[in-house]
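In the two complexes that follow, chain A is the common piece, with chain B as its partner first and chain C second.
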Partner chain A sequence: MKTTIRRAASSAIPRALRERRLLQGQQGFERRFLPWAFLAPLLAVIVGVVGYPVARTIWLSFFDGEYLQSGPFVGLQNYRDIFADPYYTGALVRTTLFAAAVVVTTILLSLAIALVLDAAPRAARVLSVIVLLPWAMPRVASGIVWKWMFDDQYGVVNWLLVNWFGLDSFNGYSWFSTGTPAMVAITVAVVWHSVPFVAVSLFAGLRGTHGEVVEAARVDGASAWQILRRIRLPMIRPLLVVMTTISTIWAYQSFDHFLVMTTPPGGPDHSTEVLSLLTWLEAFAQLDQGSAAAMAVVLFLMLAAVSVLYVRLNREDVR
Partner chain B sequence: MTSLLRRGALFLLVAVIVVSSLFPFFWMLVTSVKPDSELFTRTPRFIVTSPTVERYTHLLDGNIPTQFRNSLIVAVATTVLTGLIALLAGYALARYRLRTRHILTVVILVTQLLPQTILVIPLFTLFRNAGLLNTFQGLTLSHLALTVGLCTFMLRSFVVEIPFELEEAALVDGASRLRAVWSIVFPLAWPGLAASSVYAFITSWNELMFSATYMQRPAIETLPVALQQYFSSYYTDWGGVMAASVIFTIPVVIFFLIVQKRLMQGMASGAMKG
Partner chain C sequence: MRARNLWRGRVAVAIGLAGALALAACGGASDSGANSSGEIKGTIDFWMGDPIGDAQQPIMQKLADDYAAAHPGTKVNLRFLGKDAHQTYLTSIAGGSVPCVALIGNTWTPEFAALNALEVYANDPKTLQGTYVPGMIESTIFKGKSYAVPYDTGVRALIYRKDMLEAIGKTAAPATWQELREDALAIQAKNQGVNGFGIIGGAHWYYLPLIWNWGGEIAKQSGDKWVSEAGSTQSVQAFQFYSDLLTKDRLSPAGASAWTAADVDKSMGLGQTAMMVGGSWDLRTILKQSPDLEGKLGTAVLPKGPGGNNDTFAGGSNLAVFRECNNKAVANDFVKFMMTKENLVPVTSNLGLLPATNDALAQEKATGSFSAPLFKAYAEQADHTRSIPPVASWGKVEGANSIVNAMQSIMSGKKTADVAMKELADQVNQAIG
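Right after this comes the complex of A and B.
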């Protein structure tokens, strides 16, 4: 509120103009040098621990890399190898299905929660803190808790399914002894962890849509559902796209939950191996740096493609 | 009547949301204080009749305090460095019309969508060669890669919100640019710093892949690694791992609750910009 007043008071002269005038009035040294001095630490981090590793991983993916040593140049051999490896292609398909399930569930649940928060304005403040709380629980800890809740003998999930929903087949049901149920259990745990951030962001976005347009539509007799479908959701569409992008990237990178909840990691019998886990095991258990680098590059390209796709989608919708 | 029905439905939905958000926290806590006789029952017991803190005292006698300290060192170092780096960079991006601004924005954005697996191998060799394996410095550096991008964006949007007139006044009065940043922008960017701090702290505290790869000596192990290893070897000691998980979770939850107001503001302003 205060800032609006202040800004309104001084808006006579365009801000950019005054800024430029003031900066021009300063010494050239400060104008040229200072912003880069401010940016230097960030650039150092980006070059040193992001840029260099990325370039190096791409480089390594073209070399033989047994025992984490750089061997001879092998061209695209590592890429051919991983795509010929059924464990890798299996993990690729599995991760994609898992990510799709996580993203769809996360977005739908988050939207529902955001709408509930929006419908209860007086409680919204406290509720959004409660909703966001699971985001703060360390992934390792949440993986352990969910594994305990999915325990075959003493887990609350089976107890709930049998006693509340009458599904007797879940009596003593073992979630982690085969691939598909294990993936389902892990999906639940990952969704629980990724919903909070998305839900609270969507809620913040929805809150910004109350205004003249909605008010006018209401006066014209539009129902709440019509207002939601035709006005409010389209208004937060860019945000929805951003959140879908973010949760897709998160889901494709899932690692912690899989490492914690499956024994051995990615088991039983490789049936829960996802890309991040497989890449990490390839590098630091199999010590095959070349293949692992190739896997990392493929994942990176996939995520980049997904992001570009979503950005395009967003732009076309605006037009 | 319909409004009563509507309120009832809303109340029910709110209850479902609250229970599903909080139940795992509650269950973790309850499991950690149940004696084994109450723990392994076919019908879960939601109320503990004779709670025990034995598991906690046992854990506190072990390695957990050291691991806790290790995690805290790395998370605090990451948070402070991230705040400093991101505030300076966010300031530069918000206030100066750099010709390279758009390229910089794209570069920073790209760092946020990189999979950790593309960084983990070269950083391992880099740290090994530089003697940074098994050091807090190395792990902190690797965590900065995960935090600085988003935090720079957060702080940039906060600095944009601070009226330039305030600095202008100081600059006209003859203060140096650094001085203006320090005494005017820094205090006003505080909500943004709080939001980015909680993000940096939680990211670092929870991070597993880098920690498991670069910290392999027991003495400097951080909590996520220790807990993961303990769990994979003794996963039937449910009470014990739950107690350790509680100890692991408490600091982030406390930190989160302290700055949650600021965090919400940060997220709300982020959402507005979409």
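Right after this comes the complex of A and C.
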């Protein structure tokens, strides 16, 4: 009885409608699955080169490691070990302070350069190429050059400080025999390397703020400073957020400069050891890839947190 | 190249780590010339790092080609590993994809032997005496067996300015460390702007041997284990002495606590340093940089310490055959070929290192590159060498720079020598225990 009714009902649906539904189903399939089919090859590559190493590193961090081979499962012991290690916690604090110094200096300097470029749009065409040059230099090479420039005996930095600024105490001043001055020298080198990209990006952002709003403010009698602070900087805020985030990540990852500028790497006496360097030493000098993986995971989580923060801030901006 | 995105940002370290592991996992016997018949036929892989740069590449390539030419049907695939050689070896051992023959740093030999990667060369190392320089045999031994053939050795000696020493009324190089200190102070007082002695705080090979000179040991064997002696009175006094040369006597600028040999070479070349401990390779660098110094420089064996010896570290390389080599007939034959005087001396002369066989060393001393007056001291010093403790995990001690960090903490005054050396002993024991 029931079946007859249903059959009758189904036959009651007009043929055109049924065809449309069929078509919609097909479209639904296409909409739902086809994009994935096209994305699949790329996703496979991403999973292979990003997902696998990350998963593998997390996995390794739960094992004892010796000579690049996995030992027994140790649970969270590697994490407990590294946080109990004063050299690691020292590096954690040092890296954070270093990152803060690098980011603040980079953003302020870059903004200053961007404003100068923006004020002279014609010269900027040539100038921005010159500004970008340090960025094109390999970091290891720039690290070596900076090390020479900070050399206590023959370096140009000490020479300038003594002869131009009259700071006689810098005569033969040794930048790399204690921690703090060494960190200052490395900060200078890293900032020099990070500024170009940020400056040119901010310059591009500032170029887009010359519209009616600024014109209107000017007509209303706003000063250049007011226009910059109240109008132009808020307009490029999303860009500033991105640049700050990227600079933070770069700073936390700094490795090359530390490796080539200090003797031994991270020295003297551990005073310039940063997280990336310590991870590398743990993996390839101590050959304990379990602890190294744990260090990498912690750094990964910290940088992931920075990235989440960036996404959040950006979303609020859109609103 | 710098188009970094956030993903890359997050995982760079992870990729670095995992990349090495992936590499290790891709292993597998790679030698194509598998040969177990004992016939001299087939292909072998021969790897080497380049501790002194790429100058040695052409001459090594020629030897590999010569061998193949002399033994039809064989081929030697030569691969230069560059500065990351140690890591490359470890990765390939972990992945089971090793070369047949390799020229490895002598301090790596016990480490690789402990990983069960090397073929035993001599069950009784005593049989090697007479053929090889004694200090170099030591470096091939692990748990009583020899795992490699000593190939070349580099020793350090005293390089000094004859003219400056003469100006303070001395005709001979200082014979003891105390005398060196006094001479350096006198030279410094007489020559403004000259460092009396080039201190090299950034590389432990320049002061670790002082422990021997003071009558101590770097580590002692106790049963099956090695125990660090860094905390001993002799070790503490030796490190204190070296640190005092910088901090009390100011024989080098403050920055010398982080100096490497290259810094002192430069300073010496510029006429700003009067004496240094340096290898024959340092001497060559200085002379190349400042040829006019040739008549002014002198060399001598190292000064003795209160312990009555002037022993120094025998650096150098060993030729090893890997256990997983599948053409040991050619591998062993090739090693023999490399070790003949005719094939060894051209290489060592070219590198400025001493050959590790006695017959080749005699030739170098008599007519070779070490017969020149300025280089004689190195050949003499070769008789006064020792090896670092033959412990598998010594590489960790070096890799972690524990010794350099200890010296720098004494130099900076952050720790007393007593505390720093006790801590060093703990660290070393943790690494080698």
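Here, the second predicted complex is superposed on the first by the 269 of 319 C-alpha atoms of A that agree within 3 Å, B and C clash if a C-alpha of one lies under 4 Å from a C-alpha of the other, contacts with A are read in each partner's own complex, and residues count from 1 in each chain.
Everything below uses one rule, namely that a residue touches a chain if its C-beta (ideal position, glycine included) is under 8 Å from a C-beta of that chain, and two chains touch if they have at least 3 such contacts.
Treat the numbers as computed from the prediction; the structure is a model and nothing was measured.
Contact with neither chain B nor chain C is seen for A:Val274 once the two complexes are overlaid on the shared chain. Contact with both chain B and chain C is seen for A:Thr263 once the two complexes are overlaid on the shared chain.
Put chain B and chain C next to each other and count what each touches on chain A; the higher total goes to B. Touch criterion met: A:Leu303 reaches chain B and chain C at once. After overlaying the two complexes on the shared chain, residue contacts for A:Ser177 are found with chain C alone; chain B is out of touch. When the shared chain is aligned, chain B comes close enough to touch A:Val131, but chain C does not. In the superposition on chain A, A:Arg56 contacts both chain B and chain C. Judged by the touch definition given at the top, the superposed model places A:Val103 against neither chain B nor chain C.
Judged by the touch definition given at the top, the superposed model places A:Gln286 against chain C, while chain B stays out of reach. Using the contact criterion defined above for the overlaid structures, shared-chain residue A:Leu239 touches chain B, although it does not reach chain C. Residues common to the contacts of chain A with chain B and with chain C across the two structures: 49-50, 52-54, 56-57, 60, 68, 135, 151, 153, 197, 249, 253, 263, 265, 276, 279-280, 283-284, 289, 292-293, 295-297, 299-300, 303-304, 307. Of all residues in chain A, those touching chain C in their complex are 49-50, 52-54, 56-57, 60, 67-69, 135, 151-153, 172, 174-178, 197, 245-246, 249-250, 253, 262-270, 276, 279-281, 283-287, 289, 292-293, 295-297, 299-300, 303-304, 307, 310.
Those residues of chain C lying in contact with chain A across their complex are 2, 4, 6-7, 9-22, 24, 87, 90-91, 93-94, 115, 201-202, 253-260, 267, 272, 395-396, 398-401, 404-406, 408-409, 411-412, 414, 431. Looking at the complex, you find that chain A touches chain B at residues 3, 6-7, 10, 15-16, 18-20, 22-23, 26, 30-31, 34-36, 38-39, 41-42, 45-46, 48-50, 52-54, 56-57, 60, 68, 113, 116, 119-120, 123, 127-142, 144-149, 151, 153-154, 156, 159, 163, 192, 196-197, 200-202, 204-205, 207-208, 236, 238-239, 242, 249, 252-253, 255-256, 259-260, 263, 265, 275-276, 279-280, 283-284, 289, 292-293, 295-297, 299-300, 303-304, 307.
Contact residues on chain B toward chain A in their complex (touch as defined above): 10, 13-14, 17-18, 20-22, 24-25, 27-28, 31, 39-44, 84-86, 88-89, 91-93, 95-98, 104, 107-108, 110-111, 113-126, 141-142, 144-145, 148-149, 152, 161, 163-165, 168, 171, 177, 202, 205-206, 208-209, 212-213, 223-224, 227-228, 231-232, 235, 238, 241-242, 245, 248-249, 252-253, 255-257, 260, 263-264, 267-268, 270-272, 274.
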